[in-house]
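What follows is a set of structures for review.
The following pair of complexes shares a single chain, chain A, combined with chain B in the former and chain C in the latter.
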Partner chain A sequence: MGIVTPGFEGRPRAGAPNLPPGQYLTPDFPVLSAGPTPKVPRETWEFVISTETGMEYRWSWDEMMALPQEAPTVDIHCVTRWSKLGTTWQGVSLDTLLDGIDTVADYALAHSYGGYSSNLPLGDLRDGRAWLVHTYDGGDLPAEHGGPARLLVPHLYFWKSAKWVRGIRLMSEDSPGFWETAGYHDYGDPWREQRYQGD
Partner chain B sequence: MRWLPARLVERRVETPTAQTLVLEVPGWPAHLPGQHVDIRLTAPDGYQAARSYSLAAPADGDRIELTVQRVPDGEVSPFLIETYREGDPVEVRGPVGGWFIWRPAQTDPVLLVAGGSGVVPLMAMVRARRAAGSRAPFRLIYSVRTPTDVFYADELRRRVRDDAGLDVAFVYTRAAPEGWQGEPHRLNLADVNTHGWPPDLEPLVYVCGPTGFVETVSDLLVGLGHPARRVRTERFGPTG
Partner chain C sequence: MTALPYVDGNMLDGPLGEVFAVDLSTATGRCAHCGTASPVAGLRVYSHAPGLVARCPTCVEVMLRLVRAPDRAWLDLRGATFLRFPMPPERTLIR
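For the complex of A and B:
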């Protein structure tokens, strides 16, 4: 327990949902980005998975939309301490995209239009835990929230769910992405409160 | 990063709904302007709430400053503004953030664009420039609702007078003071064009404010020809 601050009581505890430590609920959908929002037309959009041996697998927008679609409802947790419960999305499971790709890589680096990147273990993109999503709350994913398509990896802090994602590089060695280079955690498990390097 | 005990040593009223808190944090490491700090409050039953706040000034030994805008119905900001007393402890952790920062060794022209309380980390840059004796040309465009909503109003006036190479332009969205040119309006292309730097000077641009403001301003900047990689943004939603 930390040092008690006299006079602080906080919000009523009763009925509080099961949030990861240090998080609070928001009904809004705040935006956190490091720079201007890239505008990526669907006509030229593509998604590329490249392997550690240099193989590349590409999808155009239409090809991606023709894949089996899923509609996950998930809780999301931002490292800036807001959490939003029961968000609804549509997109393609990473299991579908990775199916048939020959790799023994342990790590993945998601990279984005606009230069953003984020690293995570490849295993965390498998087993129904990650999606490439294009629809939020029944509508097209807005650009400020990462549209036309973003990664959705809700069991990790939300910066791992790279906006404007353009591809995933599969790698034998871990390589820190944008926020990870700036001091944020390489894994980012909200339930273990892995916010910053060393947590 | 460890949680460090901190105590309130001074409080300054900035506006009717915002105050600057000066905390003493024994063992505080140095920080760069633009970085923020996590503050954690603990209730007697062990319940905790933490929030991030931008640092408003360069570190002065063990003293740090943050400016807190009261969020209606917030859990932390109303406490910090109304209940928190001088000498009482909180815990802090930081500094946090390695992207939205200005290093005093940088010499490029700098454009700062603030929306409301988004001025806080930008003021840390203005103050760090002064403290370091930097000659980097700085321009600040500060969008606020009314003159009474301006943070650091006296100090900004003084800095413009005393700090060579610093310009400050205000844009008022609801009500303007006597003598201000034009009608209140939201920050637009002409404001950015008039009070900013032309893209060919390759300024480094820092934009901070509410999400809609940052989206609008960064789109304007990119439209004017500023490369996206030169525009750094920090957006905030409600952080009660």
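For the complex of A and C:
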């Protein structure tokens, strides 16, 4: 019988409120990263949505900031087993960014400055469930947490919320991202504990 | 790019020791991106992540990833064109 490790940040607490199975509560905001932190000046930052037909829709920093802004307060759940409740963000809803984009794609691949990527169904970026965020807890999103802007998709494990996001590729076929090609789940629902492929 | 904490490849000995029968502490790996051959012990390992990510010390591209689930593991070596291990001399068969 194998030993089940609780992850490197602590141990699960049974019966904690509002927590998916196998998660523990943390007041901190741990920094996880698969590589060096990219430095992305706002002057050269851009966000690109490309469609399955090759169309591209681009926003500069100023153009993105001129869009309607939202201020979601959400719980976040990391696959390394920490959860943080009631986090406050500001940014643009993906509904706003996707509005008017002609696509019949079923899948999306978020890709980032620095080379990171993560896949998810396009439907999970719609209906007020996903944002491009630039502000955390009232201040500029720090670079170590994905600033100047990251994806926020809080109903899935937090590795889906790509830091330093640069764009989203809309695709007819699913294409696994950085962690999904190394064993992690293609969907990643924390409430169904979809951590690894096959879960 | 700014520096974030990483540790050297010596930390891979234990996790990879679960997978490989050979001692990797003296192995050499060639980066598939820039072609540099580096000691595995000299790779830059980012371990505060959902898995271990070992990057080339020259070009910082990913050479190796290891994800450990409670009952299985994934090893991705697409970023390395080879791993070279020191081996004991091959014995000649005498018939």
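Note that in this section the second predicted complex is superposed on the first by the 183 of 199 C-alpha atoms of A that agree within 3 Å, B and C clash if a C-alpha of one lies under 4 Å from a C-alpha of the other, contacts with A are read in each partner's own complex, and residues count from 1 in each chain.
Keep in mind that, in the parts below, a residue touches a chain if its C-beta (ideal position, glycine included) is under 8 Å from a C-beta of that chain, and two chains touch if they have at least 3 such contacts.
Nothing here was measured: the structure is a model prediction, and the numbers come from that model.
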Partner chain in contact with A:Y24 - chain B first, chain C second, else both or neither: first
Touched partner set for A:D62, first chain B, second chain C, both or neither: neither
Partner chain(s) touched by A:D127 [first = chain B, second = chain C, both, neither]: neither
Which of chain B and chain C A:W159 touches, first, second, both or neither: second
Contacts of A:E46 with chain B and chain C, given as first, second, both or neither: neither
Which of chain B and chain C A:P36 touches, first, second, both or neither: both
Chain A residues touched - chain C or chain B, whichever exceeds: B
First, second, both or neither for A:W82, with chain B first and chain C second: first
Overlap of chain C and chain B interfaces on chain A (superposed complexes): 2-5, 8, 30-38, 80, 114-115, 144, 179, 181-183, 196
Residue ranges of chain B in contact with chain A within the complex: 1, 3, 5, 40-52, 75, 79, 83-85, 88-91, 96-100, 211, 214-215, 218-219, 221-222, 228-229, 231-233, 235-240
Contact set on chain C toward chain A in their complex: 1-4, 46-51, 53, 55, 60-62, 65-67, 69-74, 76
Residues on chain A engaged by chain B in the complex (per definition of touch): 1-11, 13, 22, 24, 26, 28-38, 80-82, 114-115, 144, 178-179, 181-183, 196, 198-199
Residues of chain A that touch chain C when the two form their complex: 2-5, 8, 30-39, 79-80, 114-115, 143-144, 159, 179, 181-184, 195-196
